[in-house]
Amino acid sequence: MSTARVKEILSWYGSDSPGVKANLARLMNTGRLAGTGKFVILPVDQGFEHGPARSFAPNPPGYDPRYHIQLAIEAGCNAYAAPLGFLEAVAGDFAGDIPLILKLNNSDSLTKGIEPCSAVTGSVEDALRLGCAAIGYTIYPGSGARNEQYEALSGLILEAKEVGLPTVVWAYPRGAGLSKEGETAVDVVAYAAQVACQLGAHVVKVKPPKNFVEQAEAKKAYEKHQIPIGTLKERIQHVVQSAFNGRRIVIFSGGEAKGAEDLLAEVAEIAAGGGFGSIMGRNAFQRPKAEAIQLLRQVMDIYATK
Amino acid sequence: MSTARVKEILSWYGSDSPGVKANLARLMNTGRLAGTGKFVILPVDQGFEHGPARSFAPNPPGYDPRYHIQLAIEAGCNAYAAPLGFLEAVAGDFAGDIPLILKLNNSDSLTKGIEPCSAVTGSVEDALRLGCAAIGYTIYPGSGARNEQYEALSGLILEAKEVGLPTVVWAYPRGAGLSKEGETAVDVVAYAAQVACQLGAHVVKVKPPKNFVEQAEAKKAYEKHQIPIGTLKERIQHVVQSAFNGRRIVIFSGGEAKGAEDLLAEVAEIAAGGGFGSIMGRNAFQRPKAEAIQLLRQVMDIYATK
Amino acid sequence: MSTARVKEILSWYGSDSPGVKANLARLMNTGRLAGTGKFVILPVDQGFEHGPARSFAPNPPGYDPRYHIQLAIEAGCNAYAAPLGFLEAVAGDFAGDIPLILKLNNSDSLTKGIEPCSAVTGSVEDALRLGCAAIGYTIYPGSGARNEQYEALSGLILEAKEVGLPTVVWAYPRGAGLSKEGETAVDVVAYAAQVACQLGAHVVKVKPPKNFVEQAEAKKAYEKHQIPIGTLKERIQHVVQSAFNGRRIVIFSGGEAKGAEDLLAEVAEIAAGGGFGSIMGRNAFQRPKAEAIQLLRQVMDIYATK
Amino acid sequence: MSTARVKEILSWYGSDSPGVKANLARLMNTGRLAGTGKFVILPVDQGFEHGPARSFAPNPPGYDPRYHIQLAIEAGCNAYAAPLGFLEAVAGDFAGDIPLILKLNNSDSLTKGIEPCSAVTGSVEDALRLGCAAIGYTIYPGSGARNEQYEALSGLILEAKEVGLPTVVWAYPRGAGLSKEGETAVDVVAYAAQVACQLGAHVVKVKPPKNFVEQAEAKKAYEKHQIPIGTLKERIQHVVQSAFNGRRIVIFSGGEAKGAEDLLAEVAEIAAGGGFGSIMGRNAFQRPKAEAIQLLRQVMDIYATK
Amino acid sequence: MSTARVKEILSWYGSDSPGVKANLARLMNTGRLAGTGKFVILPVDQGFEHGPARSFAPNPPGYDPRYHIQLAIEAGCNAYAAPLGFLEAVAGDFAGDIPLILKLNNSDSLTKGIEPCSAVTGSVEDALRLGCAAIGYTIYPGSGARNEQYEALSGLILEAKEVGLPTVVWAYPRGAGLSKEGETAVDVVAYAAQVACQLGAHVVKVKPPKNFVEQAEAKKAYEKHQIPIGTLKERIQHVVQSAFNGRRIVIFSGGEAKGAEDLLAEVAEIAAGGGFGSIMGRNAFQRPKAEAIQLLRQVMDIYATK
């Protein structure tokens, strides 16, 4: 039976079918954070996105696809997210052990000089076949190939809804329209979260925003209305507000590998700002397993006490 | 039972199915202007188009998607228009409370340097699923990506007609073919209205035209035939005439936020020129709610007494 | 804006899309009973079911399809229900004037000696094209052709849901499995209501049940548990309870033409027993128009004061 | 340019597309009766229905498919109706010379002992390919295979509407539910006309009704309401009234071959009763051509002076 | 019944279905030139192509879509051609009054700097729904976007053929491959006519060619073989010859508005050279109605006496 908090979160998705709601509930009723409405998800798409050695050499057991799902299960994550191949390799043997999220598009680092746009590398049919609880999709707001991505996502969300699957959107601003620094500017991250929600995302993943405003027009608004963005907590609050005033689930990536202390401090700010959780890849699977499990549990503990 | 005026307007759409006519009638038989054949519609796509802070910081309750539909209902608008995400967030809880218009394409402000072209972010199937009374679509006449937009719209209009939904077209001239000033030039706005009607739009939204003629060839015609364009009322008359001699519904945007007095003066000119109504976003939802309702009702009163 | 009662009724349909709910709301927000959650619907399928002279000779203006929709509008009914041809003949000219229900199957009285089974004479596509708010379908529980009917209905309900249309089921027990008297036996009517709800009907229409139990096995239960069925009010209560404990809308047919006094007495019992309304054909359209309007309004008044 | 009468008739089909109306107009704007809203159509499906010798031996040129279309053109008929084969044989050479009606189902006389049900022997696609102005379909109300026929017709009508083709329904009561005499009983013919209209027929063809009431329940209504059926004119009036109070086109078959005088007397009664025309096969093509033309023109003259 | 000349013209289209031929016959059997195999068609796409004021200010009743179809009917034209919106606005009310040609692609004058390429703004399905007798499509031979246009046209011609609709191709040389003068050079116009015929056009519209040869390679051939191109009559003969030796229908545009005398002199040359007719827009609808009708009839008279 879902807790009152889970029921409350589900009530925000009033236009969705019971199937979509049931899968959202599965995500929220799994792992050590079950029932809290908070999330810690393990995503492992770096093999595709950054290449195997960059991803797995720091902790070689990670070359084995079984390693990650086991890590997610043992640590008590809400879900495990990966591209088709990694899920194919484990979905049979670990059937029913943890909710799976099929990352439906991916981009490798071998091509250069095109506007950022991931390839669609899986389907809603695959997600059903593999027993997934949700689909995942990356958009790059700011890319010159924006329309192609938004339109494909739009179609996938509808298709997924029809078979009872919610959608997790990775919203990563990037491309000709933005400076490098602007990719994590607070106005841009908040905007990306808003776009993902408007496109119909059930869960949005963004990077923790920096204390910087990229767009001139936005700057005027931030200054005029004195939107507080000085601390990470304040910036998280602003992003959560930008995601339908907190009525959509927004989770934050851990970003580049960093020290445990720094990471936990960052998580504490995210939690304090009303973030719904973390989706941590490299900071988890590039550590030795025991250490990773310990770290993930510390992260969970922070969210659990919020 | 529709009034004689509503019946008259419906008679202009003689090639459409009863389903399309019934939904047009729903738009005209709702709110404080019910039965007059006039429209005041609340559109909220600025979160997508301009970003959340620029849109909602002036009046923070607007971060919450419920705020806008409640504002539209309380003010007595004919309809509420928004992108998929904002409608998903409210369509279930407010089912049947006000006609909804699903904005089927949207553009964010994060991408630069491409010819203006919105992404298709929803479908006719979504519109039915969400219980909408119409679909909406933005075209940018003057854009180098014009064909892509006109062709997608053309397909959506046919698809929508087949299931009984009319189409509202936002016609915003923009792109390489036009100067910045030309975007609201009277010849260009009138031309954009004509194009939208020729594409099959049931309702056309344009900006109030300025006293300026952009195109050299057009200038000759305006001068030779002494088309009066000196006052806003005259320019509105010309735009309405350009929309099949007044036999298509043409409504006007409120544009940038401005003082209530200026806005009401503008609306008075629009009404005097035969405009069918206003579609006001920022001038409504960026004001405190009570003030916004008062202003919207003042706007309605102007149209009601025409 | 829907009333609290309408919102409450809509909450019973929590697995349905906003589109289905919006159309249910349309049915409940129309006419003199708007907002009460009560229904008086005018159905005219007797031309098909009984033939033109038997149906319309008592009040010859009824030969004209326009007569009936005008009657429904003038009397303030929630909706008008008819087969394809009768709706085709009026849907264009009366677009948007009253919610329409397309009866998707019909049976004439010219064929003898087959198990009762109506022909499917329209489609969900027709319903959208004609701007209907719901589809209607007749099942004959007790018929040897039961499966054919249940299976077709099952497919239509799903198809209708996908495009935002609710389904009204006429549940008329009939066929080799039942005695003539058994067709309106209280156990059989209650059972038919339950079957319709289990098939996914949003609204169920049954005949007022008689004080008679048809099925031997059922009789034991009625006796053992002393289910009160002595008065019509008690039998209505039992049928409403049998329709998901009152969480599905159950309305009652007027049956054969009868005197106004008898009819109003019957309606008072239905209302007292918790019936959601009446769907009255012959008792309405076979009377002179003024008389029919007066009678329909008297019926509405009874429900309104419940 | 259509006459006021043709415009009036078209106005009865207010839910249809311009394409359907344009083809109805073609039928009404062709031949010697052009503009009158009256019809004389030549149908030749007897080769299929009765066999070649029974059909064509009385006038052997009729074995040649070209004979019939030439007869229809020369006589000045509104249209020529036939099964696929007969139309295939002439549609290319006579393209555009006269509106064609493709009879989409047919029954031969070789099979016995099954409930009457024609085979579907053509498609809407065939009708378009052959340049037809309408499709035709036969139903046998009273047949035990009624549902199969009504359902197939229902689908064809929708399909035809979508491509702008109206439907002519041959409504011939027949089957286990009826006595032989009952097939042309006035109550049964009127009922069959009503059923065809409810199914969505644009034009209904029935046989001239006899002074006989088949159904016991109907008999009560005819007696109680003193419906005049003593003369053919009165019975025609009743059938026309039964077809949506005269707001659907009802035409009458010539039936078995008979003397010219009898036939013209019958036509005079049909015309006097408000019948929209005649659809005469055997009485035309089984006569020598010159005689047939003369007779058809005499029939037209009767309708023209109504 | 078609005349011998109409039958002869139809015989050139021996690979086409009866449906396509019947619609070609409809075009040839309508209006004052019925039966002659000659054409005067009223096209009104200038609202889309040039903008409303440039098109309709010279004769303001032309802002109303009803004006043009009425003009075409009253003048006795063979057909009326327009984009979707203008046809939607009249097809229901004027159903069957004159053959309609749906212009399936259109270009506005607001976009600059792209290779000429019209947007596809309608479909074959629309043409059927609106009751059209043909589809129309513009190609710009010489454009860098040639393939896109030829390929879309090719698909549409096949699709149209399958449902019995012929295709009228506007062949307007234009684009990077040609000088401004070359757009009406005799070699280029003749070449464009040939291309249209090779693509499968049933009717080709070109501009009257000028006494100028654009292409160097072509120039050699014109000189070597002494092709007479000195008079307009000779150039017309050459273009007609280039359209399958006169076995495809070639009609000529009236071009820019000009004096009646000049226009009639030009038409006389076109007729003398074997042109099949004129398709006159601006020269018709930019004149006062009575004057336009007189002029159109004078044009018809010239063709009728050929």
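For reference, chains read A, B, C, D and E in written order, and residue numbers begin at 1 within each chain.
Just so it is clear, a contact is a pair of C-beta atoms (placed from the backbone, for glycine too) under 8 Å apart; a residue touches a chain by one contact, two chains touch by 3 or more.
Remember, predicted model here, so these are calculated numbers, not experimental data.
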Please identify each chain that touches chain C as well as chain E.
B, D
Selected interface, D-E versus B-E, where C-beta contact pairs are more numerous:
B-E
Quick one: which chain's Cα centre is the longest way from chain B's?
D
Rounded to the nearest 5 degrees, what angle rotates chain C onto chain D on CA?
70
Suppose you list every residue number at the chain B-chain C interface; are over half of them used by both chains (same) or under half (different)?
same
So the centre of each chain is just the mean of its C-alpha atoms; given that, what is the distance between chain A and chain B in Å?
35
Between chain D and chain E, what distance separates the C-alpha centroids? Give it in angstrom.
40
What whole-Å value do you get for the distance between chain B and chain D if each is reduced to the mean of its CA atoms?
49
Quick check: what residues of chain E touch more than one other chain, meaning two or more?
91-92, 125, 129-130
So which chains end up touching which?
A-B, A-C, B-C, B-D, B-E, C-D, D-E
Chain B residues within the chain C interface of the complex
1-2, 6, 10, 17-26, 28-29, 73, 91-92, 95-97, 125, 128-132, 162-164
Mind listing the chain A positions that touch chain B in their complex?
12-16, 141-144, 146-147, 150-151, 154-155, 158, 173, 175-178, 187-188, 190-195, 197-201, 215, 217-218, 220-222, 224-225, 227, 238, 241-242, 244-245, 247-248
Give every residue of chain B touching chain A within the complex, in rising order.
47-48, 50-54, 57-58, 60, 63-65, 83-93, 106, 108-114, 117-123, 125-126, 129-130
Counting only contacts in the complex, chain D reaches chain B at residues 14-15, 17-18
